[in-house]
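Residue numbering begins at 1 within each chain, and the chains themselves are lettered A, B, C and D in the order written.
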Amino acid sequence: MLEITLFYIAATIALVATVLAMTRANAIHALIYLIVSLLAVAVIFFLIGAPFAAALEIVIYAGAIMVLFVFVIMMLNLGEEGDARERGLLQPSIWAGPTVLSLLLFAELLYMISTIEGPVSTQAVSAKEVGLALFGPYVLAVEIAAMLLLAGLVGSFHLGRRYLEREE
Amino acid sequence: MEGLNIPLNHILLVSTLLFSIGMLGLMIRRNIIFILMSLEVMLNAAALAFVAAGAHWGQPDGQIIFMLILTVAAAEVAVGLGLVLQVQRRFKTLDMDSANRMRG
Amino acid sequence: MGDMIWLVPLIPMLSSILLMLGSGSLPRVIIGLLGVCSVGAAAVLTLLVGLDFLANPQPFQMTLWTWMQVGNFSPGIAFYFDGLTLVMMSVITGVGFLIHLFSTEFMEEDVSYARYFAYLNMFVAAMLVLVMADNLLLLYLGWEGVGVCSYLLVGFWYQNSANGQAARKAFVVTRIGDTAMALGLLLLFTQLGTLDIQAMMGVANEQWQVGDTLPLIACLLLLGGAVGKSAQLPLHTWLPDAMAGPTPVSALIHAATMVTAGVYLIARTNGLFLLAPTAMMIVALIGLATSLMAAFTALMQSDIKRILAYSTISQIGYMFLALGVGAWTAGIFHLMTHAFFKALLFLGSGAIIHYLHHEHDIFKMGGLRSKMPVTFWSFMIGSAALAALPMTSGFFSKDQILLQAYLQPDAGPWLWLGGLLGALLTAIYSFRLVFVVFFGEAKTQPDGDTGWRMALPLVVLCGLAMVGGYFIIPVAEVFPVASGEHPANWVEYVSISVPLMGLLLSYLIFHSGQLNVDKLVNSSLGQWLRRFWHSGWGIDWLYDRIFVRPYYRLSGIMVNEPIDAIYGLIVAINQTFNHWLAESQTGRMRWYIASMVFGLILVLTLALQISAEAL
Amino acid sequence: MVMVNLILILLLGGVIAMLSERAGENIPRRVALVVIMLDLAYLLSELWGMPSLTQLQAPMPDDPSTWLMHFKAQWIPAFGISIELALDGISLLMVLLTLVLGAIAVSASWTDIAVKHGFFEANLLWTLAGVLGVFMALDLFLFFLFWEVMLIPMYFMIAIWGHENRGYAAMKFFIFTQASGLLMLVATLALVKVNHSATGQWSFSYFDLLNTPMPEQTAHWLMLGFFIAFVVKLPAFPFHTWLPDAHTQAPTAGSVILAGILLKTGAYGLIRFAVPLFPEAALDFSWTAMALGAAGVVYGAVLAFSQSDFKRLVAYSSVSHMGFVLLGVYAWNELALQGAVMQMVAHGFSTAALFMIAGSLQERLHTRDMREMGGLWQQMPRMGAVAMFFVLASLGLPGLGNFVAEFLVLLGLFQISPWITAVAALGLITGAIYSLILMQKSFQGEPNPKLQDHGLVDFAGREMLTMTVMMVALIGLGLYPQPVLDMAQPVLQSLLEMTSVEAMP
């Protein structure tokens, strides 16, 4: 019972935080909300028996990736003007159409999941099982992920270095 | 004991909502940083659906896919933020609509 | 001796090739020698072969090689030699030699001396192939070959566009006839299975009856070629313009040899024409109509060469008349005598033009009798022969034609009367020329009289024009036997007296002035007729309106490729679509994302729809 | 293997020519010439040992060993695709023509290429390789492959080294041939599918696909696919509009190859594939095809007359001449077919030469517009005489190759339809008109005063040599065409026998 309650609280927090994150004018504020949302999702992971995923969500998502955002935002040094401009752009005329589209999509997805029934198991899937699966049947995926990361590394290095060089 | 467990479709509902919000954000924002954030939200929503499905079957596969999504997100953000820096330097703005010239 | 005949066309051909290759480097003397001697050699060979043949008149055939062999179609590069061939070859090489000799002086000053002789030699070669050909395809080769040489020589002075125009007109107009002839060849081969002239006529005799439609069509198609080449109605318009070429060329090609090729063709294929009496009648009528039309026109011309050109058309009309009434021998005989006296007249006019600074207008000449005696006598004899005054060569041939025309069973006397009218006119215009040019007061001074290279051919041709009528041409074997009938004596007397009357009239009008026709001429009808006849009966004008201008207009409309417009339409439609799609590429990120989402929704809806239906 | 080597030599030669530019600008063209000569010598040396070429066997469609040469190796066995090359009389003729004209083309652009010499010669050699492949391939898939191989280098030749409007012309050429090639591919695949459902075997081999039983309707559509592909290349009215642009804009060597060889692949395709594969459909269709041919003859001639661009005029004359080929093929009797083959060879020489003359004029006067010419004979008598010769050849002067071709076509056609023959014969008249106007506007007429002090150079040794080769060839074809006829005869014989059984029930 506690788990269910906790889930609904976490879910609510995640949704609200995400909505807030999407609508802030200030990037840092939005980012903080996003981190909150991620943490709430991490709670949900924990509740549905994926503690390892929860840990990764916090460490990598909330910890590493979001911090990357923070760094960049700070580097760019966006001021109050930017915020004002962003605020001006958040008009109903701009978001009305996209909202309709999003709602349509949501309705369709809802229709698709409406037939799904049954609970999730409370039995935790341990990190060991994940690890075994990862380096067992999914080893090819790991290698592909490694390649992808390498590509990301090279790409960001290239882009970032040119940025710094030009600055000088 | 069924009533005690979290229903799968509720989790999926959350995931769907998150995805839709992320997509909405993608469509309404013009700042490239927010676009990237929206993408993160959508990836995260997808990840949630995978993990929930994995949990439903009590299998580790959902988490594996989550980790792969994590990898994709990391790589994407790394490159995406690099591009943000370039865009800011060249166009002195983060507004994607002003930076729509193909030749830099 | 007979197996040497292939050398006859080959020698001028080789000489022509040599001249072309060496046009830049050979000295003029060598060029002249080469040009003249090659034809001379051909003439000597012809003479030898001819003597051989006369001793033992046996036609023979000689195949050099099979030209092409496809299925049962196997024309050869093969020659056929009989009396008719001999006559033609003698005329070509003999008169050709004299004209070549004349040219060496006439063209002396020209920069393109070698080119001239190269073309002229090539012409002789092609003409020889034409008359020696054993089958119609090889004949067609010679036929087109002489056409090309004529084109090249008419347009010899190419810097002047008008010459080019005349040359093209000559080629294209004859080409129209040639195309008809080619179709005739196709028909003959398809029906008879061979183009070998002798064999073909044999097969035709077995396969067709007199008066059948197929031989009529075939003959009319061949006749198309003949009227084109021989400048008969309705394809005669090129010949007067063709006078743009050097005058010896006019003498050789447009008087003595090439233009008579049509006559030769019909005579050669007489076996076919005999199967189609209607075609024969048409030949006769065309000949008569042409001869009268051209005679009237000649009467009104003032350009010396144009007079002679129309006179040539008119005389070939006589030959056609002869062929049409079945007077084969007379036709060929007239062909030969005409070659002599017309070449003589043309060369004479060439001499006048040469020494009168390229003056063509007869009314600007006059009184040349004493200044250019050789030319004067040439003209006298030539005109006498042309007018068919008794004892000249023209008399014998034309007399025969008229008498045999009279005997034609269907319309004989009418044809005869027409011929008489033509003869009268011929006498008038030929002596008009003589009186205007050589008598009266002198208006221009010639540079002198002919040198020996010009005089010798003139003298020889004078002789031939006088005595040519006594030759007996060895064509008895070639043609069906004439009836041997003879018309009443009065017909003969009238035929003889008419040219004399013409001479008298001409004298009275143009020389003594005792008969004044000014009043007649100056009446409005007279003026109109004068203009009408002068313009060649308006036929050129008519063709210009009916064919030439519409063709130009058509090509003007088509210049930008109407078909391409259809493809252009396809391109335009594509471009419109492309434009629309390009418009959607706004470069705005949110627009792209929104359209992606829209597409996503669409696809999902479809997927759901399908899965719902599947359930 | 000989045939594979022939193609490989050209392909590799192209690479060498491209690389050899590093050794100097003048090297690639020499390399190209040597490669083509080598190829020709190789082919001739291989033919030397064969039984006399004038007594060729009739190549049987069901027995590859009766062909002059035959080569087959597996390529993609799963779909029955193999590398199957074969040579018979007609192929051999076309291959020889290709190599000779290839050498002439190299000579034609000896001096007029200014940039990327190596790549140019490479493209030239690769095009030739593709063309050889087309003439020898008997696997339909391989045929399609070579069909494309010859197209792409040609596209580059026009697009890179062409004249002022080259981009448009190259694109037009590419789209026309590519679209039609696509039709052919679809038709090929459909044919293979039909054959598969009939025999249960996948095969792209010509020998297997002959006599594929199929419903009449299917045969009609498939035949149409092949027909359009080939007549676009030929080109026949009304698919010809790419040709004037491509010819006009291409560099001289490109025009020579295009007119001399590439067009012949269309005619070859018709003779080899379009008719034998679907004899009944082709018979039903022959009236339409002949009407198109006759229309092309006249239309091309009228259009040629109205042009003021030297090369464009010659290009339209090609349309007119190729109309005769179409007529000859669809008259489908021995005379007409021999004429069509003859026309392919003779037109190759006569038009190539005219394009070379156009190229030489462009090089000297920097224009192709005949309104800027006139009286050129005076300054360039040799060129004028040569031009006159080829103009006469083009208007079908007896004694030269084109006449033999046209006459045979007309003779064969007359047995099928005198009326179409009469229309086509109009081409003889209109042909004379445009040919002579070409001569009049460029070499004859009043000398253009603007050109008086141009210091125009007449043809020199290299050009005269090239031209002499072609003149001798045309005279030879015109006076003694028998070797060519004999080479083609057995092939045509067997084609006729093969199709007559079915065509005339």
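The rule we apply is simple: a residue touches a chain if its C-beta (ideal position, glycine included) is under 8 Å from a C-beta of that chain, and two chains touch if they have at least 3 such contacts.
Just so it is clear, the structure is predicted and the values come from calculations on it, not from any experiment.
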- Note on the structure: Using only protein Cα atoms, the chain sitting most centrally is D
- Return the distance between the CA-based centres of chain B and chain D, expressed in whole Å. 61
- Message: Distance between chain A and chain C based on Cα centroids, please, to the nearest Å.
- Response: 98
- Whole-Å gap separating chain A and chain B, where each centre is the average of the chain's CA atoms: 5
- Task: Averaging only over C-alpha atoms, locate the centres of chain B and chain C and give their separation in whole Å.
- Result: 93
- Query: In chain D, what residues contact two or more other chains?
  - Reply: none
- Can you list the residues of chain C that touch 2 or more other chains? 590, 594, 597
- Query: Which chain A residues touch at least two other chains?
  - Reply: 97-98, 101-102, 105
- Query: What are all the chain pairs that meet the touch criterion?
  - Reply: A-B, A-C, B-C, C-D
- Task: Report the residues of chain A in contact with chain C in the complex, numbered from low to high.
- Result: 97-98, 101-102, 104-105, 108, 111-112
- Residue numbers on chain C that touch chain D, as the complex places them: 20, 23-24, 65-71, 73, 77, 115, 137, 140-141, 143-145, 148, 151-152, 155, 158-161, 164-165, 167-168, 171-172, 175-176, 178-179, 182-183, 186-187, 189-190, 551, 554-556, 558-559, 561, 563-564, 566-567
- The answer for chain D against chain C in the complex is residues 237-238, 240-241, 244, 302-303, 305-307, 334-335, 338, 375, 377-378, 381, 385, 388, 392, 397-399, 403-404, 407-408, 410-411, 414-415, 418, 421-422, 425-426, 428-429, 432-433, 436-437, 440, 443-447, 479-482, 485, 489
- In the complex, go through chain A and note every residue touching chain B. 1, 3-4, 7, 11, 14-15, 18-19, 21-22, 27, 30-31, 34, 37-38, 41, 44-45, 47-50, 52-53, 56, 60-61, 64-65, 68-69, 72-73, 75-76, 78, 82, 85-86, 89-90, 94-95, 97-99, 101-103, 105-106, 109-110, 113-114, 116-123, 125, 129-130, 132-134, 138, 141, 145, 148-149, 151-153, 155-156, 158-160, 162-163, 166-167
- List of chain C residues in touch with chain A within their complex: 590, 594, 597-598, 600-601, 604-605, 608
